[in-house]
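Consider the two complexes below, in which chain A is the common component and chain B and chain C are the respective partners.
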Partner chain A sequence: MPEGKYCNKTPINTPEEVNSLLSDTSGNQYYTEMQSLEVDSDLLWATIQKTLKSRLRTWLEICAHCGMCADSCFLYLVNDRDPKQVPAYKIQSTLGEIIKRKGRVDNAFMRHAMEVAWAQCTCCNRCGTYCPHGIDTGIMFGYLRGLLYQQGFVPWEMKIGAGMHRAYRAQMDVTDEDFVETFEWMVEENEEEYIGLTVPVDVENADIMYTVNAREVKHYPEDLAEAAILFHAAGENWTVPSEGWEQTSLAMFAGDWAACKMQVESVYAAMEKLKPKRMIGTECGHAHRATVIEGPYWAGRENGLPPVESIHYVEWLAEALRQGKLQIDPSKRIKEPVTIQDSCNYVRNQGLKNATREIMRHIVEPGYFVEMSPNKEHNFCCGGGGGFNGIGLFRKQRNKGLEKKRDQILATGAKLVLAPCHNCWDAIRDLEEEFKIGIRWSFLKPIIIKMLVVPDHMKPEE
Partner chain B sequence: MFTKILFATSATQDSDHAARVAFNIAGSYDAHLDIFHVPGVPSRGYSQVVVDVKTKEQVDVDDDYMEWVKEEIRTYYAKYLENGLKYDITVAIGFPAREILRRAKDTEPDLILLGGSTGDEEQAVYKKSVAGTTLQKIARSARCPVLVVNRPAASFWGGLSNITFGTDFSKASDKAFAFAMKVAKTLDCELNVFHALDITSGATGDMLSQDEIEQRIREALRMIRGRYESRLKELKHYSMDVWEGIPYIEIVKYARDIHSDLIVMAHHSKKAEQADPILGSNVEQVIVRAGCPVISVNR
Partner chain C sequence: MHEFLTGIFFWFAITVCLVGMLVRFVQYFRGLSWQLDRVAYKAHPKAGMKGAFRSIYKWLIPYGTYGWRTQPFMAAAFFGFHIGAVFVPLFLSAHNIFLENMVGFSLFTLPAGIADFLTWLTLVCAFFLILRRIVLPEVRILTTLYDYFILFIALAPFVTGLTARYHVGDYSFWLNLHIFCGELLLIAIPFTKMSHVFLFFASRAQLGMDFGIKRGGMKGTRMAW
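For the complex of A and B:
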């Protein structure tokens, strides 16, 4: 069949189109239409020829099928070591097959490839750490997702997510006005308690430009207030852009390469307009990957770097604590077993493992911090990365995937899990809902604020 | 007295006592009642899934679901909605405290009325992952008085004649006093200013001798006179009292003793999240225990 009303090869670009796709509850009609969506094999093959570069071609070619990647994959482990969950098999039987057949694959194959790409890989890149050849299946799945997106074989929520970025330059329907207004509202709510609290919007040449995750604006605006309180307490000269404030990229998870570029360019435009010394993003993993690590390439920046130095929130926090800009009241440090979830996207992918441990040393009473096993760059995905968390069609597989993180947390004995990443935070929240293991979970900001020595100038008179 | 009331309700039995008061006040003052309900809490990442607060099931939110929820509320309160009451029913997805505050920011009501706890701490969807309780967050941040009805005994809002105003001499208490004065003047009722001297060892650091207690009571009374008496004289009936004990217990006892039909207090717990949310602040304890409605004022 030609293109469906909802399921087709055309990206959605406007709020109206987003709403229309949303009106198809759970994507029921969308997935029905997908069953007869035609594969444009010529386009598929032409795209592969244009975009499949030497690295991926080499990886596909040199894979020795040794199976060393198997045990590295949490989905292989939780699914009873099913051989079909071996990373090498997963990518060879999908992307490898499409290339072998020069794009001549049918609808059923593409739907299968969609399931493998979004329900059997979270692009956590752990397998790449263990492959003797350094083959990173996660990166290849990111590429495969791009091919699938182009052909319209993409989970409903992912198409909506990418469409949100196209329509709003944000992962949710939050406008620039909503962002500024919400931030101002949050400051207003806290300004009596923290004297001098403001949200400086569009200030040029500030030391810090802060970017966020749209979900904070939509559902957890307290996070914005907490960021303002901590910047203020640290005496930082900071600002937020009124446009280009969204750091995340569901487009990256969706494989919508064009939207990835649009989104990250909006942030870079803000950097270029406001000329801050540094950009700091919120406690989000994939947002950092999208804007700081991969974004420069999407935007075609030759030096592979964002326009200004860009660091993750945990790096700033570690620095502020180290330099004494933020002071912790030692009597209020965490005095219960507590563990931390290493986000794949900035720990494995960028090596920021030490920043979070440095923070732990400041905020946890010695002896109470318990590492997960394995940890740091060897940590497992939270179970919901790469878009897995939000996809209804693959919820069952996602919930199964959470078991690894559940068992890791249980083994620590900690009841408090710190998760400085939105996706991990969501997954851990969901795993508590699914398995009821009696844990609490938190971002770092609220924890720090509870134990912060508030500078005298911020204290109300009373 | 009130023209626009935001009634935040779970639309279940847990909110029945509050509902009685809400519809009663709206009727008495010919006020517009904005019936507001948060049917679902976002779940499953960025998806459209929410956990329904009643069924605790995962639901894909769409227009039909939202309309269905509104219809349920209309049916639930059908008996109240007759008689030409001015009302709206609004539903929103999100975390209740935040969405109630968002609604209040947008509609600027002159009173927020909250139902009681949604019950079982373990199971309540609302409480999941949210630091502190809905009440703590709203009482702390709301720009208008917040009326909470928790016990059935507190669900009577008749002709007001006797108000207890509990003060801790904070700035927020001054705002609460201004509100209590306004109510007392408008409705011509008696206003009783009360301070409870906290003699628990946590507050005093040590056990106080009776002389010390009495000395502190005298000081507190002087403070009440200095701070409030000149304005109290605008009223026909007022009194000032200081009792010693556990503050929230004393306030509840005092209000019961003098047959108050409303308690007004400031909620000035500095932190939204209490180390022990069960204990909470004085005003929360008063709300849980009082035999009459309690209004918390912060600004």
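For the complex of A and C:
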């Protein structure tokens, strides 16, 4: 059976196809079918010849096999320094081997490559900063994921995630109507407590266009209300688009580059339609990476920039606190040891290390903020990045991967971990569930709201 | 034999090396793709240059990066090996007398004592680099026969050169073998992993441009290598 009913080389594009794949519980049949999925070696080799340019070729060629990348990889460290977890080994034995064999690899090899690409690398790019030659293995794994996706060797949840973006332009089955209705409903829920709270939909020429993560709409709608409260308190002229509101991209984790392009173009279309001064995304790392850092390239924008200036939520928060648009009640600041998780996707990959620290200065009583070690651009991945959190097949490997973050957090002595990134937030929640180290974790929005000086015009009349 | 090695074969080797390096260097940069690499090289040349320069010079300084500092012994062996491997061939006085005769100009020359020291340093550090390959599991798993072959062609000119320098055995035999090994190394540079002697700069520059343009440079954050 070369192509299965569920596991095949064809992307899923419609809600019906998404539902059909979802109906295969845990992907049981999907993974059974994968065992006999045929490798299209000609397509594989032709794709490589077209897309493997001098950067990747040179990386594979000049790797000195020095092993200096080993210690940089949290998965190597937590897996008892297993040599098979050395980044250079992981990529040479998968992508390197496919190239050496000119694409003539078999089904078992591809399934092994899938495990390495999704369960042994989170594309955190840390190794790239520890290689003397500047070889970024995380980037090569992103490339390998693309090849594997094209051949149908992709974890079940990743195929569904990419399909969601194709079918809904969102990572979950949330329609444009669901988004607007949920946002309006959450605002209504809070308008008695915060007078004048609204959600301005499709307003042209606003100062801010806000974009979110679909799971906020589906599972954490209070996050939408919190965003509205903070924008309102800061007196911002903001709006949300009724189409192109989803900033995330599971397609990026899946290696489905065509879906990445479709997704990010929907957000850019909203920018072009509403002409906001700036776009601000929610507290998510990969969403920012997808829409702001990588997205312009998928969309073919030669200047590498989105149509309008786009910043991360932490940049806006830092700015609003600095300019006094948001006022903190000093008596309500955090008075316990607290640490912050630097997200790979916007700290290592866009240098936003100072914004979160500026926020900490405003919201934490001096002396209580404890840095993780290592931190900033040298921080370790939360343990669940790059799609790792969401893949049932690799749950055991993911839980093992959480140990590094657990130990980093324990070393700080903090019981409260701030994680302005959905992936990190999930991983830290899961590590508490797994290891019970007695910590609490939070996004920034709810913490800020608790200590906010609510402007008079928002206060309900007694 | 000596005339052949210091005449036509010398010219052949040096030409292959220089032309080969130039061609591959140009090919590297022509092969960069803004869209596939996802780095807008051309749109932001200034940010790119800044990042590239920083990425190269930080890594050229012993213990200049987090990477070097986290592995102090590797860094010591690495720099000991490479300082000798670069300075001795270029600045040994005998090499420069030869160069003066061949092309009419020469470079700065090292005092003999320092040249001797650097040569031994290279060999001692190479010993530790090889030991590392054998002893450490994370390096052993990566090591192939090809890596030892590269070490062999890199070290052969040093071993033969020292043998000739101390007049052990037949001087003219070892001298000729030394010249031959050196020329083989020159020829190998563009075609083998030895290409790192110039592609190091290309690859580091590329990642530097990536950080300088896309990963924080244009946000005002310089990568803390």
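One rule holds for everything that comes next: the second predicted complex is superposed on the first by the 462 of 462 C-alpha atoms of A that agree within 3 Å, B and C clash if a C-alpha of one lies under 4 Å from a C-alpha of the other, contacts with A are read in each partner's own complex, and residues count from 1 in each chain.
The rule we apply is simple: a residue touches a chain if its C-beta (ideal position, glycine included) is under 8 Å from a C-beta of that chain, and two chains touch if they have at least 3 such contacts.
Only a predicted model underlies this, so the values are computations on that prediction, with no experimental measurement involved.
Visitor: With both structures lined up on chain A, is it a clash or a fit for chain B and chain C?
Guide: fit
Visitor: Does the superposition put A:Gly324 against chain B (first), chain C (second), both, or neither?
Guide: After superposing on A, A:Gly324 lies clear of both chain B and chain C.
Visitor: With the two structures laid over each other on chain A, which partner does A:Trp441 touch: chain B (first), chain C (second), both, or neither?
Guide: In the superposition, A:Trp441 contacts chain B only.
Visitor: Touch check for A:Lys450: first (chain B), second (chain C), both, or neither?
Guide: After superposing on A, A:Lys450 lies in contact with chain B but is clear of chain C.
Visitor: With the two complexes superposed on chain A, say which partner A:Arg215 touches: chain B (first), chain C (second), both, or neither.
Guide: first
Visitor: Contacts for A:Gly367 in the overlay, against chain B (first) and chain C (second): which applies, first, second, both or neither?
Guide: In the superposition, A:Gly367 touches no partner, neither chain B nor chain C.
Visitor: Who wins on chain A residues touched, chain B or chain C?
Guide: Partner touching more chain A residues in the overlay: C.
Visitor: Should A:Met172 be classified as contacting the first partner (chain B), the second (chain C), both, or neither?
Guide: After superposition on chain A, A:Met172 lies in contact with chain B alone.
Visitor: For A:Gly413, using the defined touch cut-off, is the partner it touches chain B, chain C, both, or neither? Pick first, second, both or neither.
Guide: neither
Visitor: Minimum CA distance, chain B versus chain C, superposed model, integer angstrom?
Guide: Distance of closest C-alpha approach: 26 Å.
Visitor: Common interface residues of chain A with chain B and chain C?
Guide: none
Visitor: Applying the document's contact rule, which stretches of chain A touch chain B when the two form their complex?
Guide: That would be residues 22-23, 25-26, 157, 161, 171-172, 185, 189, 192-193, 215, 218-222, 250, 384, 387, 389-392, 395, 423, 426-427, 429-430, 433, 441-442, 446, 450, 460, 462 of chain A.
Visitor: Could you pull out which chain A residues touch chain C in their complex?
Guide: It is residues 51, 53-55, 57-59, 61-68, 70-72, 76, 81, 83-84, 86, 88-89, 92, 128-136, 293-294, 296-297, 300, 302-305, 348-354, 376-378 of chain A that touch chain C.
Visitor: Quick one: in the complex, what on chain B touches chain A?
Guide: 42-49, 51, 60, 62-64, 94-95, 98, 101, 105, 128-129, 131, 141, 170-171, 270-271, 273, 299
Visitor: Using the touch definition up top, name the residues of chain C that touch chain A in the complex.
Guide: Touch residues, chain C against chain A: 27-40, 42-44, 55, 59, 66-67, 70-71, 74, 78, 132-133, 136-144, 147, 193, 195-196, 199-200, 202-204, 206-208, 210, 213-217, 219-225.
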